[in-house]
Structure formats: C-alpha cells, structure tokens
Amino acid sequence: METILKLTDLTKKYGNKVVVDNLNIEIRKGEIFGLLGPNGAGKSTTMNMICNIIRPTLGHVEFMEKDFRKNSRELSKKLGYIPQDLAIHGNLKAWENVEMFTSLYGIKGAELKKRIDESLEYVGLLDRKNDYAKSFSGGMKRRLNIACAIGHHPDLLIFDEPTVGIDPQSRNFILERIKKSNKNGTTIIYTSHYMEEVEAICTRIAIMDNGKIIAIGTSEELKKLVVDDTSKISLEEVFLTLTGKKLRDV
Amino acid sequence: MIRYLIKNNFKLMARNWVNVFLLILCPLLVSAVLISAFSTLLAKYEKVDSFKAGFSIEQGSKWETAESIMIESADKAGIVLVKYQNADPEQTIRNEDLGGFVTISDTGYRIYRTEDEKVKGMTLEYFFSVFFEQAAAAPAGAASAAKIALSVEHPEFTKAVDSKDYYGIAFLLYFAWCGILVAWTLLSSEKKIGIGKRFIVSGLSETQVTFAKFIPTTLSVFLGIGIACILSSVLFGVHFGNALVIAGLLLAMIAAAIALGLAIHSLTDNILVTIISLFALVWVMGFFGGSFETYMFSSHSKTLKMLSPIYHCNRAVIEYSAAGSTKFIPSALLYCGGITVFCLLLCVGVNNLRRRGRA
Amino acid sequence: MITMIRSSLKLLLRNKGFWFFLVVVPALSSLIFLNWNSSINMGSHSYDLQREIMEQTSITERVAYYNSDGAFVIKVFDAAGSSASEYMLNRLAQSGLFFVARAKTPDIDRASVDAQIKCDCEDDRMGAAMYLTKDFDLLISEGKALDALTLYVMSEDSRYELFESEVKAIVKEIEQAQKQVGVDKVGEFLKKRDESLPKKEIKLLSGKGKRSLNFEQEEQKARVGYGFAIMTLGYVFGGIFIAHTIIKEEKDKVLTRIRLTGLPSIRYFGAKFVVSVLSALAMTVMLGLFSSFGSVDSFGMNRFTFLGLMFLQGVIFSTLSLILGVLMGNIGNANICAFTVWSMSSLLAGTYFPLDDSTKIVKAISSIMPQTWFLEATEMIYVGDKKVYLMLLCVVAAYLIVMLSIGSVGIKLRNGEE
C-alpha cells in the first residue's frame, strides 16, 4: 500500500524536556491509523507537528512524498484537521461556520454552497443549518466541528479526540461517518482515550508513551505482544500492560 | 479566499449587541453631556434681550438729579432700571429675579452681580462705567469721538465652533479610536477555542489572517460611527460638512485606529492588555488632541498637539464641518495613512515571527 | 460563610489584574490630585476677581482660555508703553465688558504683529486684537489716529462695535487732554480726572441654591472630583474581579457544588458582597498611604474624612460592578460594562468639569450618579454643614438597598430562564 504520510526522526523539545522523541511512522493510504497514549504521551504535539501548527525540533514530515513545511500551501488543501477544542463560532449559524472554514481552501461560489450542504448532510445537520451554533447540544457541536473540516474533500483527515463528552448515539454516528469517509478513500488518523472506539474502527494502532512509540500494529498484533490467546484480553488491558498503571500527573 | 472570512467576521461583530451600544449609544450619550456642559464656554455671544435691574441712590446724593437721565439711557441700552430704595440688594435680586442691582452714593457705586446671570451683570456694569465716564467727559465728546477714523483689519480667522458641533463630532471620533473593542470576540476566540489553528492548517498566510480581521472591523466601526453621526445630526443638530469628505476622513481615521489596535494585539498577544494599552494611548492622544478640553482653549504645547493624530482628525473634521474648509485634511489623511500602513506591517511581521516560533 | 469569604479573598488576591488596580490606581489618583495645576482654571475666576490688565510674557502666549466667563477678550501688542496707552488699556479693562491681555513689546513692528495675528487666527481665540505703535502718543496728538493704532476683528462677536466705539471715545479724550497738558502728561492728567469719578465696587453673589465657596475651595473641590473619578475606576474593577470569580465558579460548576452543600444563595452572595467591601477598604487604605505624601490642604478637609468619603463611594461602586458583572454572566461583557460605568458616571457626575450650565435632563441624570452626592458632601464639609454625615449614610444605604434588590431580582430571573 502507498504511503501517504511519513514521519522521519520527528522530535520536539521544549527546553530540556523531550515531548516527542524520534518518531518514525509511515501511514498508508486508505487506512484508519489510531494513536493511543496516556496523558502527556505526546499525541497532541505529534498531531500539531503533522498539521504544521508547531515546528519540529528535529526530523520532518512528508505528506504525499513531499516535504510538508516546504509545500505547505499546496499540501494544506489535502489535509483536514478536527481539533479537540470546538473551534466553531457560537454566534454564527451552522452553514456560516462551514462556509467560513471551507472557503479558506479556495472554494467559492456555487461550488462552496454545494459543499456546505454536503458537509452538513454528512454530519446529519442539514435540517439545522440555519440555527446558531450556540444553540446546539454538545454532540451537535462536535458534528459541526467535523463538518467544518471536510468541505474541501481532504485526502487525509486528522481527528483529535472527536468524541469527548458526547452521548453514545452521537459518538456512534461519528464513528459510522469516519468509516464511510474511509471507504470513500480518505486516510484517517485518529487519537482517543476510548479504547473500544479505536479497536472498533482502526486498521492499525500505535501506542505512544513518553514521546516514543512503544508498540505499533493491528489490534490483534498488539494483543499478541501481551498474551497468546487474544480473545481473553481487551485492548485496554494491553494498553495498561504496556504503559503501566501508574497515574500520569502532567 | 478570505472574502467569506471577512463576511463572516463582519457578521460576528454586527451580531454582538455590546458593539451597538459602544459605537452608537455611548458616543451619543457622552456627546450630549459634553455639549450641554460646555455650551456656555463655547457659546457665541448672544446679545441679551432687555432685562430688569434694580438700583437705589443714597438720599441726598448729587446723583439723584441724574436719575431720570440714567433710567432713559439705560432703557436705550436695553436695561429696565427699577428703583428699590432701602431694599436689601441680595434679597431683592433673588426675589424680583433681577439681572443685577446697583447702589449709588456720592463716593461710588456698588454693582451686585450673580453667577447665574453673568452676561446681564457684565452689561449692567459696562453701562454704569460708561455712564459715569461720559458724565465726567466734555458734553461734545461723544459726538466728535464718532468722527475719529481708526485702522481696522479683518484677518481670516477660524470661525468659532459651538459646543454642539465640537463635542458632537469630537466624541464620535474618540470612540472610533477605541473601535478595536468590537473585535474582542474575534481576537479572543482565535486563541481560546482554536480558530487560529484552523487558519494555520488551511495554509492561510498571516497577511490574509490580518486583513480578514482588519477589513471587517474597520467596516463595522465605520458603519456604527456613521449611524451615530446621522443620529447626532438628527437628535442634536450637529452639523457635518460634505458627506463624502467626512466619510473619507472617518474611514481613514478608523482604519488607522483598527490597525493600531491590531498591532498592539500582535505585540501583547492578550486581548485585555491590548484594550487597556489602547485605551490609555487613545486617552493621551485625545487629551492633547482636544477630545476633552477643546483644542482652542487648551494650554498644551503645540508640539504635543501636533504629535497627536486625534488633534489632526479633530481639526480636520470639526473645522470642515463648522467652517466649510480646513488646512488639516491633508495632514490628517497622511497621518492616518501612515499609521495604518506601519501598524499593519508590524502586525503581519510580528505574527509571522510568532508563527515561525511555533511552526 | 467565613470560609467562603476567605477563599474568595484568596481568589481575588491571586488575580494580577486586581493588584494592578489596588496599587496603581490609588497611586495615580494621588499623583493627579496632589499635583493638579490650578492655572488651567484661572481663566474662569480671574475675570470676576480682577479688573486689571493681564500681562502676557510674549506675543505667542494664548488668550483663548480667558473667554470662559463670556468676556470679550482683547489681545494687545503694546509697542507704545506710554502713560496714555496705559490709561486706555486700563479704561478698557475696568469697564466690565472687556478682558485685556497685553504683551509689552517695544520693538515690535507691524509686519511681526500681522504674522502673529495670522497664527492667532488659527490657534487662538479672542474677540479682537489691537496694536499700539511706538509713536502712539505723537500720532494721536497730530490727529493721526489711523496710524497710531490698528484694530483687528478676530471674531463675529457683536460686542466689537462697543469696543471700537469705546476706543474712539478714549482716543478723543486723549487728544483733548494732550491739547490741555501736552503729550507727556496725558496719562496722569486723565487718571487724576477719573479720580473724581464715583468708585466702582463689584460684589459677586453665588447662584440660586449654590453654596459660596471661595477660590481655594473651588480648587480643592475640583481636585477631590478628579480623585473620585480615578479611584472609581479601581473600585469598579475591584467589584468586577469578584464578579469574575462568580462567573468562573458558575461556568466550572463549582457553584453547583457549593449549592449542593446546602449553603443558601444569600450567604454565598453575602460572602461576595463582604469581599467587595473589603476590596474597597484595601484600595482606600492604599490611597491613604499614597496621599500621605501630600498635604491636607490639597483636599481641604481632614484626611480621615476624605478617606471615609472615598471608602463609602468605593462600597457603592464595587457592589454595583459586582452585581452588573454577575448579571452579564460573561467576563468580556462584564469588563466592558465596568469601563462604561466608570467613564459615564464620572462624566455625568461633573467630576471632570462642572455641569452647572447643563440642561435639566443632564442635571437630573447627574443626580443619579453617586459621585454627585459625594461632591455635594464635599461642599457641605467645606462650609461646615454638620448634616453631611447623616446625608452620606442615607445615600449609601439607599444605593445599596436599590442595587442589592435589583441584583437579586435580576439573578432570580436569570436562574429562572435557565
């Protein structure tokens, strides 16, 4: 399978503290890649470096075989990022939010209108397009958050804990949509603390701790690292075994 | 690419009721107070109509014989003199609602004036000064004095502006300089809820991000102040000159104000510090520029005044509105243009450096 | 409740913004009102107090501010310096209608005067200007008044005609006197002649319903007004910072946690009110500290009385901003509200400049502002009116009752909506 994203010796230091330590990952086109790790493992920092929000101390990010930082203008249009924060304006209507963020990728006019409706329909908010975002429930805001990032039809979508604090129905809806996007050819990078989600949708999973990848593989492969009979263990137990049960007070 | 961003940012600002209050109601309210408070200071002299004043002449005084002449002369000068012999002057003034009171004796005369009726008091005092002087001067003096020719020049002076026009305009301009306040939500949400991250991920340059804030904020403030101008004209009768010229001046000034606010924000990266710093700076500029004490009456050095962009803007707009012409339009436009360009460049530069530090 | 007060105080003291207002605002207030320059106000008093020529140090000195009392200001470029010219200027100054500002410039010529007049037309305000040539006396004696002096019309004031006719009358008298006693002795002659005129005395009465304050007291009152205006900023933001803590507690569900303990709302808000009073007290103490560097003469009353006035005002404003902040429910809007309360109330109360000549509506709105009553109290203290203390207590109680009532209704309504 073709590689869409390659992280080579990716490192981030803040002073003497190494937050991301020499990461080498290849993400294949069309897969759903899960990134797990305890608090302070370096997941969000890694996501930020991939999205060009922060600069790596060492190493580089290659996206579609091109250096991301040198070709960021061109490559940004193929990348979509759903942040953990609800980066939407409460005082704008749903369609206005999607219009605002989708237009940043150069889409305009009739095509933009079409994409707005598509995105809202995709996340199940088309009938609420004229309502203000501040009137939405938590789950609806999360869905709108997604809609704002998919209008430009990116090749790679990065989800940073997209289901935090929402009800099971909304969560299930989002996961279904992620699977649907993937079926349409979009590569997904997914970070979460919810093991069952990651297990349910990810084709490959990396477990990160203290800035390093400590294990990478399919769910089955990761379970095999710990026990022979993979039916007797959950991904959560694998995670705790590999990272330890000690509290991470960052 | 940023057309929709500008449009939606504008909607965000227009939908905040606080902005309506700040840009329209506040300047109108403040102007109303100041117009009222400074009405007498800046009032053009209005000749007072005929008014009543009291007098008493000491019994046995030589001026008793001149009483009728005095009353007649006063009448010609618009003063109705009424005799209140043996009355207490202070009480009589209050009770009879007089413009003043004069007590005359052989040794002199005492004029009682009140703070409430300054003009009437001055008129009364002047009348009696001249009356007694003319009584002492040669009888033919008054007639021949009129024949004296004096050299009189009529230089082109800046016409007096009344408080209505002055404060009606000055305070709209002052609030416009605080206009960055309307972008509070926009600036804070960029940092707090990660909207800024979306801009970076989408590949938007700092120049585009800056203009996406600068343009809608300038337009919002311009619209708000424009409405306030119309309302002040309708409600208070404030005179504005040619609409296009005034609009042009306002736009240039507001652009400078917003650029300045954005520049300060880019340096401090904290909305609260930005607003406090900007308010302090605008207060100082307004203090020297004639936003509080009129530039005509202030005793600040000319250098300090000339350094204040608000001084140039005040003079340009106020004098153009009141007198139809002013020498300050070019300097106001140049100053505001310079501030706009410099501050926008600074804003983009600092934000780029900041982004490079992160990304 | 003690614990609530203690924890609220900790939250407040950990806010850097609060420390700024606690230290900087009282310092700034002290600096301004201890060093406030009264010269700017001179214009409004000088005319009523003197009938003398105001001497200017140079021809560039501005005369605009002497306009404040409605006097017709005349700027004089005096190259003559003779007794006759002196007599003329004194006559004009003592007439009651004109204010004479004279720059003695023996060597000045017509071209320089014209150049200065051109500047004054733009940068200064006056009724008229006058240039007395070096050979003023001689030219008058030769009947050449046209060359002896020049008048400049500098405004549209209709009193210019009176000025011109008065100047003509005086020139005529000088001419006639010169024929009698010669050119050099005219001034003394006319002065002696005027001694036989009845002596004028002016008695200024205060307006209706006004107290008679002397010039020094007016100055002190203006200083105290500035002190009120600036300190109000600190008190208002002190209350807003406490409101911030309530807003945050509400947002972070800490308030829910507190309510679940069974603590009644009244005790919760009571604790916040106590903290706002304590913050006002702290700022007043800081003001006392900074103002101790200045003399009591600056505010014209006992230092503790002055601080007492400030404290009571502070209680009102910090409570007002606390309630407004809670009702806003949003930190950004609460800050804007606080700033608006400060600027509008100070302006409408007449702390920056008197509102004596304002319209009835403005005066009515002004009477709602707390600072108005404190300025009134200041006047009462100056004239020794003992009822001031009772008045102040009643005023403070009234404001607190109204604010707390409106605040509790507002909060109930807001909670009802939710």
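The first chain written gets the first letter, and so on, giving A, B and C; residue counts start at 1 in each chain.
The criterion applied here is as follows: a residue touches a chain if its C-beta (ideal position, glycine included) is under 8 Å from a C-beta of that chain, and two chains touch if they have at least 3 such contacts.
Only a predicted model underlies this, so the values are computations on that prediction, with no experimental measurement involved.
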| item | value |
| --- | --- |
| Comparison of A-B and B-C by number of C-beta pairs in contact, larger one | B-C |
| Taking each chain's C-alpha mean as its centre, the one farthest from chain A | C |
| CA centroid of chain A to CA centroid of chain C, Å | 62 |
| Between chain B and chain A, distance of the C-alpha-averaged centres to the nearest whole Å | 57 |
| Separation of chain B from chain C, taking each centre as the mean of its C-alpha atoms, in whole Å | 16 |
| Multi-chain contact sites of chain A, meaning residues that touch two or more partners | none |
| For chain B, residues that touch 2 or more chains besides their own | 185 |
| Complex contact set, residues of chain B against chain C | 18, 21-22, 26, 29-30, 32-34, 36-41, 43-45, 47, 63, 89-90, 93-94, 104-116, 118-119, 122-123, 125-126, 128-130, 132-134, 136-138, 141-142, 144-146, 148-160, 181, 184-185, 188, 272, 275, 279, 292-293, 296-297, 299, 302, 327 |
| Chain A contact footprint on chain B (complex, rising order) | 1-5, 8, 11-12, 15-16, 185, 189, 193-195, 197-204, 356-359 |
| Contact set on chain A toward chain B in their complex | 51-55, 69, 72-73, 75-77, 79, 81, 83, 85-89, 91-92, 96, 99-101, 103-106, 108, 112, 148-149 |
| Partner chain B, residues of chain C touching it in the complex | 17, 39-40, 62, 64-65, 67-72, 91, 94-97, 114, 117-118, 120-125, 145-147, 149-159, 162, 164-169, 171-173, 176, 193-194, 196-208, 210, 332-333, 335-336, 339-340, 343-344, 347-348, 350, 352-355, 357-359, 362, 365 |
